[in-house]
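First chain A sits with chain B, and in the next complex the same chain sits with chain C.
Here is the complex of A and B:
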């Protein structure tokens, strides 16, 4: 196996505050890697660093053998990293279908003139975008939803799925999922994890932030544990479960906490 | 026998309406990426002066002057758009308002070129030039049953109608393409758009300069429809008026701004019977709009309902 993404001593400070420090790990092509840790441990910041929303203040991020530091977020999407957001960020006033179609932006090319003149190539491209959109809506289980409906009118669980469909439309090789099952009931959560496994079968490598420990343990090949902006452990779920540093981070030295 | 009902005054109101519709389109384009510009009167000024000066001083044919006016305004849009990208919301509005005032100040003070506060007179009027050219070819308006002033007003109106229809068709089509979707995505959530691989800077500058170009086109057409322009035509009142087209008509869809521009041009005419009170009524209408329909008269849900109703009517 070869590393698709590797982080080398990555750090991110806001003013004097180090939100992330000395983060080094790799994601192998084809695996599902879970990122876990208590609230405020820096998990979402890590996603923002990888996708260049917050460029790292230290270290290097290497994707597919090339450093991606200094690239703007849209160029990183173009390279093949796509993401979802912790608090869903759909284009709320757009239709379900259009949301996914926007995701196709970096895999299509027609500009102003070809669009307005509706050249043969542009029409072919639009057809391809629509077909791909239909396939993706089916993949995430939204084939029953009205594609012309406004995204904000969808039930919450469907919005999460739609966001995954949108990010897949960009044909990522690495997909970053930020708490895809947050706020869902048990059945919905199970469905989302089914979906994540289906996505992996398409050959997409997945980096996953999730709080539901039992699911993370089942779904992920490996885990990386964060606490206070640092990595405190890395390994297969079985080993992480027994790791005393992880237990301490989650449960505290003495008292229990609700995070676990 | 002349066609009596063809009133040159009504045609002239129609021509100004079309120019305002173009200005409405211009503000819609910039707004469609979430940028609030009050500089469109300035871009209109650039287009108008460019076209007017090229034809009066250099003797350039009118269509060439109009095209160059639009292109120059569009290029100015790129120059203003790039630094303005750091700003958003009211800050962008203030910066672009300042730009518009600078352009107007240049027009007032660069007297050797622009004629200063007096403006540019004797700009060739499209209708008259067309009539003169046709007369050389042996055509007289009487042949079509028109008086000369009817012919002039009608030809200006029809030229503007054709240009406006083309511009509207252009942007209606653009709305439904990859670029239009990118604009909408940026307006709705800039960060998510960027994460989906949309180069936000590029599209914002593109939209800004497209808006500037359409404003410039409107200005150039305006210059050749009236034969006289002065800096007074491009004050900040004009900039606000343009913005109100979109706010009143609805900024969520191109047709909203088009409707707003048309309605607000006709309203003062329709309110003539209350003479002195018409500006009060105009203001009252805007206040009521803000209270009861802040998204404007026309919004996408309304258009979808209309569309559905029409589809149901058809067998």
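Here is the complex of A and C:
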């Protein structure tokens, strides 16, 4: 296995405040790597740095053998990194189908003007996009939803699934999922994790932020633990479970009497 | 009489709608009013006037010329007044509003220098041709204006709803950052939007010349203010709001002149807008909350 994504001493400061410091780890192609840590540990900041939402202030991010620091967000999407958001960010005024189609944007060829002419190639491509959109909606379990419905009208759980479908439409090799089961009940959460496993079978490498420890332990091949913007542990779930630094980060120091 | 006035109103409203669309498209992606849009529209009108009245070319060629001139001005506006400000982290997005005001003053003065302050006759070749249907008289010019503005509105809606680029533009308008993360080159999308909006302004300039038979260097300001009022009325950033708002303003102005105190034309039109805004502060097609924006 080779590293699909590696971070080398990555840091991100806002003003004088270091949100991330000295982060180095790799994601192997094909694995599900979980990122865990208490609130405010810098997990989402890490996703923002990888997707160039804001560039790192230190270190390098290497994707598929090439550094991606300094690239604009859309170029990173073209390279094959896609993400979902902790608080859902669908295009709420656009339809279910259109949301997926926008996700497909970077994999279709037609430019700003070509759509006006509607060439045969264009029509063929459009049919293909529609077909692919249907497949993706089916994959995430939204085959029953009306594709013409406005995204904001979908129930919450379906919006999360739609966001995953949208990010998959870009045919990513690496998918970043930021708490995909946040706000869901137990049954819905289980379904989302089944979906994540299905996505992995498509050959997509997954980086997953999740709070629910038991779920993370079951779903991930390896875990990276963050606390206060630093990595405090890395390894297979079984080892992480027993790691005293991780237990301390989550539950507070053993001898301390204050609340965790 | 009534039917004639209705046709006059829709014709005027169609032009208003095209002007307002230019504002609303740019507002959608940049979150600012492009204060230079009225002046780009005015230059479109002047280029059209020069081509039709001075060079004597056919009207379609004048349209193409006005579109080319206005679109290039849009491109320059984005390249030199908007894009440099976008790249700066921490710069307020209102900075670009100020720079469009600067461009607008520059263009207005340039027009004053080049064309003078007086009125210029805009001679449409077929301005006398009219049709009579019973008591209703319709000028060919009116039919042409109406046809062109409806065609542009339909074309724009189709482009936005059907094409890949149109969808990307709507996605960019709804959430620039998310669209970028999904692979939309948002910088390119913004440039395309400013160019398309400016080209529409160029078309509107020729339409105004056709409708009023004269133009001067102040039409940018007066039309610009109407366009602004319409997008507030229709809902900021809403394409259908700009279309409906333009038609409503055109109709109400025309009927005020026809049946009421003509001197109050603008006053009554704006009172209508104020009343609508009291009931629906977000505008006709606006959304009460802008969700999804960080």
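The rule we apply is simple: the second predicted complex is superposed on the first by the 253 of 260 C-alpha atoms of A that agree within 3 Å, B and C clash if a C-alpha of one lies under 4 Å from a C-alpha of the other, contacts with A are read in each partner's own complex, and residues count from 1 in each chain.
The rule is simple: contacts are C-beta pairs under 8 Å (C-beta built on N, C-alpha and C of every residue); 3 or more make two chains touch, one makes a residue touch a chain.
Bear in mind that the values here come from a model prediction, so they are computed numbers and not experimental data.
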So, A:77: does it touch chain B (first), chain C (second), both, or neither? both
Contacts for A:98 in the overlay, against chain B (first) and chain C (second): which applies, first, second, both or neither? both
Where does A:166 make contact in the superposed view: on chain B (first), on chain C (second), on both, or on neither? both
Kindly classify A:152 by the partners it touches after superposition: chain B alone (first), chain C alone (second), both, or neither? second
Quick check for you: in the superposed arrangement, does A:90 touch first (chain B), second (chain C), both or neither? both
Between chain B (first) and chain C (second), which, if any, makes contact with A:69: first, second, both or neither? neither
Need the overlap of the two footprints on chain A, from chain B and from chain C, as residue ranges. 51, 53, 72-74, 77-78, 82-83, 85, 89-94, 98, 101-103, 105-108, 110-112, 115-116, 126, 129, 166-167, 170
Touching chain A in the complex: which residues of chain C? 159, 162-168, 170-171, 174-175, 177-188, 192, 287, 291-292
Per the touch rule, the chain B residues reaching chain A in their complex are 170, 173-174, 177-182, 184-185, 188-189, 191-200, 206, 252, 300, 304
Sites on chain A touched by chain C in the complex: 51, 53, 72-74, 76-78, 82-83, 85, 89-94, 98, 101-103, 105-108, 110-113, 115-116, 126, 129, 152, 166-167, 170
Would you mind writing out the residues of chain A in touch with chain B in their complex? 51, 53, 72-75, 77-78, 82-83, 85, 89-94, 98, 101-108, 110-112, 115-116, 118, 122, 125-126, 129, 148, 166-167, 169-170
